[in-house]
Amino acid sequence: MSIRLGANQYGKAEVRIVKVTRDAPRHVIEDLNVTSQLRGDFTANHRTGDNTLVVATDTQKNTIYGLAREHGIGSPEAFLLRLARHFTGAFDWVSGGRWAAEAYGWDRIAVGGEPHDHAFVRAGRETRTALVEVDDGRTSVAGGLTDLVVLKSTGSEFHGFHRDRFTTLAETDDRILATSVTATWRFATPEADFDATYAAVRDRLLEVFAATHSLALQQTLYAMGEAVLAEQEELTSVSFSMPNKHHFLVDLAPFGLDNPGEIFFAADRPYGLIEATVEREG
Amino acid sequence: MSIRLGANQYGKAEVRIVKVTRDAPRHVIEDLNVTSQLRGDFTANHRTGDNTLVVATDTQKNTIYGLAREHGIGSPEAFLLRLARHFTGAFDWVSGGRWAAEAYGWDRIAVGGEPHDHAFVRAGRETRTALVEVDDGRTSVAGGLTDLVVLKSTGSEFHGFHRDRFTTLAETDDRILATSVTATWRFATPEADFDATYAAVRDRLLEVFAATHSLALQQTLYAMGEAVLAEQEELTSVSFSMPNKHHFLVDLAPFGLDNPGEIFFAADRPYGLIEATVEREG
Amino acid sequence: MSIRLGANQYGKAEVRIVKVTRDAPRHVIEDLNVTSQLRGDFTANHRTGDNTLVVATDTQKNTIYGLAREHGIGSPEAFLLRLARHFTGAFDWVSGGRWAAEAYGWDRIAVGGEPHDHAFVRAGRETRTALVEVDDGRTSVAGGLTDLVVLKSTGSEFHGFHRDRFTTLAETDDRILATSVTATWRFATPEADFDATYAAVRDRLLEVFAATHSLALQQTLYAMGEAVLAEQEELTSVSFSMPNKHHFLVDLAPFGLDNPGEIFFAADRPYGLIEATVEREG
Amino acid sequence: MSIRLGANQYGKAEVRIVKVTRDAPRHVIEDLNVTSQLRGDFTANHRTGDNTLVVATDTQKNTIYGLAREHGIGSPEAFLLRLARHFTGAFDWVSGGRWAAEAYGWDRIAVGGEPHDHAFVRAGRETRTALVEVDDGRTSVAGGLTDLVVLKSTGSEFHGFHRDRFTTLAETDDRILATSVTATWRFATPEADFDATYAAVRDRLLEVFAATHSLALQQTLYAMGEAVLAEQEELTSVSFSMPNKHHFLVDLAPFGLDNPGEIFFAADRPYGLIEATVEREG
């Protein structure tokens, strides 16, 4: 039984690029962390160290900077699509790849109540993400976000779950529900207004998290995904990874105090981890 | 020559407390990470393991939760002052200590344009800090913040510095200036409106960073501190630790492209590190 | 077009369990970080918040502790298999799942040259990993490691790669090669001496990294995988993720100094990222 | 009341330098993360942005690389002393500063039972540290380590502590004691065999941690410091920061199981934090 090369990809990870558009006094900044990985015919490279077909990871990095200068960035998804088309177009033996980005938001600093032209402060806590994959001639595009940390101080119950020998958890009809949302939404085609979708999905995720009376984090997750798909016709699915960031009510009775849902211990580990995809049928 | 116990303190670190005020439909949340450390007569404890005078770190943790329930939190500084007074008051042999907190901000989620009563999203990127120290009967209080990440895309020069054999840095009259501000401001007395000071100092730091035409990060730092002290009479000093988060212009000439201050590489390490205190004389 | 629940799993992540075997004066410690996630019929849970079939993540955590007490741990892979069999056996509607662990190594502290009975120091830098997945009645088992950081100060070349407009990288016949190995090896069946395999694979990975004259990190990776499969008949594949931790020769010429491969800058980002699976045919 | 510049220092942080000594087939590698900060007359720099006296942080970085090439590294302490002498000697207005380093250990990879000439694996978990400070013509040198993680599975008691209203902690005569040691030892003079001291202190810390029957982590800490000072005459003090990494016995009674000191939950936060200096009198 012989040994062979299986699935593989290689490239440059975490290329930090900041682009300033300065053709007007009011500058615009775009701030990305880009990873480019190529797939294709790299068997000789692995088996014998023959680098003839290797597009060096350093070259991939340079290409990111060069294409950003020549064509701009626009949106993370659009920029990754440009990279994907460049690499699969320029090199016959590159049949596909994976291009990913994080995009960091900046707000204008207010000076005397007016947004400043060229001074910025890092915005929010979440990070926007984007992903383009090409395989067998098919291009898929996804947008997303990570580290969107949300909390409800009431409006969350958890009861009626299965009980067995190892079950000690008490049922509750009022708990804190907190999570850090990681979400990825897949576009039906590589043509979309990615920035508009991002803004709309982010708002919808927050609103549905807030407005849903929760019987389980799973139910909240599903409601969030369903609402996004109902509104965003260009999307085929939304995937979530949502840790249940437990807040435990502290027992103050030993100190002669009650604790009517007021004082909580925010735990680090372990945490519940709820992962699911909500998708269109067919 | 004999051996002795020198400076020492002990306690519980990173007690994560979330307090929900729910006496009205519109909940309020306070979210802190509190560290309590005691100083005093603990020589026997160290030399022989005699725990008679030890207020267990577990007891310190419980006290944090208990006092939050009995008296509320209010502001990080006020809560730490309460802890300090409790521990130095309740135990004769505790002569002082150090109490520190991080406070995490939450914004209300907007639903249908209205801020929600009990659903929140983690705000901003910076973290508010507070510190109370008691030594020899003297109490000092400081507020602060960390991870306030700011950037100017122009309005920053750096030239005229000393040159020697090891100097290769080119002079520039236009560079990106970026930093992550850590600042600590000291109060003249333990009586102040800590929340109002926090809001005012944060705004002033951002405004002065934005509005100062920078010839050196040191100059920007000093201007920020000077403006804060000029405005906030209750403060005696402001200390800063500000990394110079370098953004290097990418050389695109090998690709036949110019780069008129548009495409930058955001570097991780090494980084400049500028640290200084701005203080009132006398 | 309607909306439905797609792939999903849920459970408790990062359950930190330390087990002391103390039936003899010479204690043995096992230190794991375990994640348990269940898959099955959880549609009602997501759509309506019906928790009838939910094995609470808290129950999963308790089960980890309970089964460790009843049956011991043994090896990470064996313990995860026990969890998998428990959850898929005890609950009709749980059709599969994913169980993962990190295992932390401890060495005995030497006192007077003798290994101590019950005092330990955290060993090495790498972390052992294990993964068990059950789907459609099929159980797969994998062992692995992460953060095995290795470096060669010579014996590594990189030249002959493709050159295009964006290529500026110089060819070299002597560079530092450094990486942090993440490897996962898949067992043909759930029956194996997992600990022996771990020890043998770890040794082989190190030896082949050291002994291979490298023309590309891809070639080194492949040689490592091939050697493991050649030796370990119970394995069907080895997957690697290996960042190329770049060490750049510092240009000392401006200071009147040469640099014959002596002084390097160890960079953080960006880094090359080489990922591949080496597998048996058929 | 006017405003002035208080304490300040600036420089380059986290300069990652790897030095290969290759004058023989058996290479030697030294791997450091160096921070250099200068103190002196920098008032004009802060007040007006006058950079005339500024030794750029980029120049400080270059100097680190240049001096390593010219004079080698030797030990972290010796290298920092060289930097300190260079900067305070070359620039009249630099009156002092702070130079710090982390040093990363590498072991030779064994191939066929023999240590390899030029292939290495990152060693251990702890990191060696060094610190040199110059102020008012006085030079102080310290060595140290961080992240030395140790655990005793028995031989640790904790009882007899003060009890008050907030005390719920049970007394115990057998618990797990675990900590991550950060230690800093100060040399009486800048002349010492720093490497030999490091090896001896590290061994002594481990041995005393293991051999001391512990009644409190404070007592273990003191015993460790006392033993180091008793043995190492060139040292004047040892400072420790030692988190009490709590391991809680899991209550298995609800599952019909006992737990005679076998199954523990390793908690993250909060943690006890014990800090003290052990020093010579006079």
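The letters A, B, C and D name the chains in turn, as written, and every chain counts its residues from 1.
Criterion: a contact is a pair of C-beta atoms (placed from the backbone, for glycine too) under 8 Å apart; a residue touches a chain by one contact, two chains touch by 3 or more.
Everything quoted here is computed from the prediction, not taken from an experiment.
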Handout entry: If a chain touches chain C and chain D alike, it appears here
Key = A, B
Exercise for the section: Going by C-alpha centroids, which chain is farthest from chain C? Tell me that one. Expected result: B
Practice task
Could you see whether A-B or A-C has the larger number of C-beta contact pairs?
Solution key: A-C
Problem - Separation of mean Cα positions, chain C and chain B [Å, integer] - result: 37
Exercise for the section: Could you put a whole-Å number on the gap between the CA centroids of chain A and chain B? Expected result: 29
Exercise for the section: Find the geometric centre of each of chain A and chain C from their Cα atoms only, then give the gap between the two centres in Å, rounded to an integer. Expected result: 23
Practice task
Any chance you could list the residues of chain C touching two or more other chains?
Solution key: 16, 62, 66, 165-166, 168, 254-255, 268-269
Practice task
Would you pull the chain D residues touching chain A in the complex into a rising list?
Solution key: 165-166, 168, 254-256, 268-269
Fill in the blank from the handout: Note: in the complex, chain B contacts chain A through residues 16-22, 27, 29, 31, 62, 65-66, 68-70, 106, 109-112, 116, 118-125, 148-155, 176, 206-207, 209-211, 247, 250, 252, 254-255, 257, 259-268
Handout entry: Contacting residues of chain D [partner chain B, same complex]
Key = 1-16, 35, 37, 42, 45-59, 61-63, 66, 90-91, 158-169, 214-216, 218-219, 221-222, 225-226, 229-230, 237, 239, 243-244, 269-282
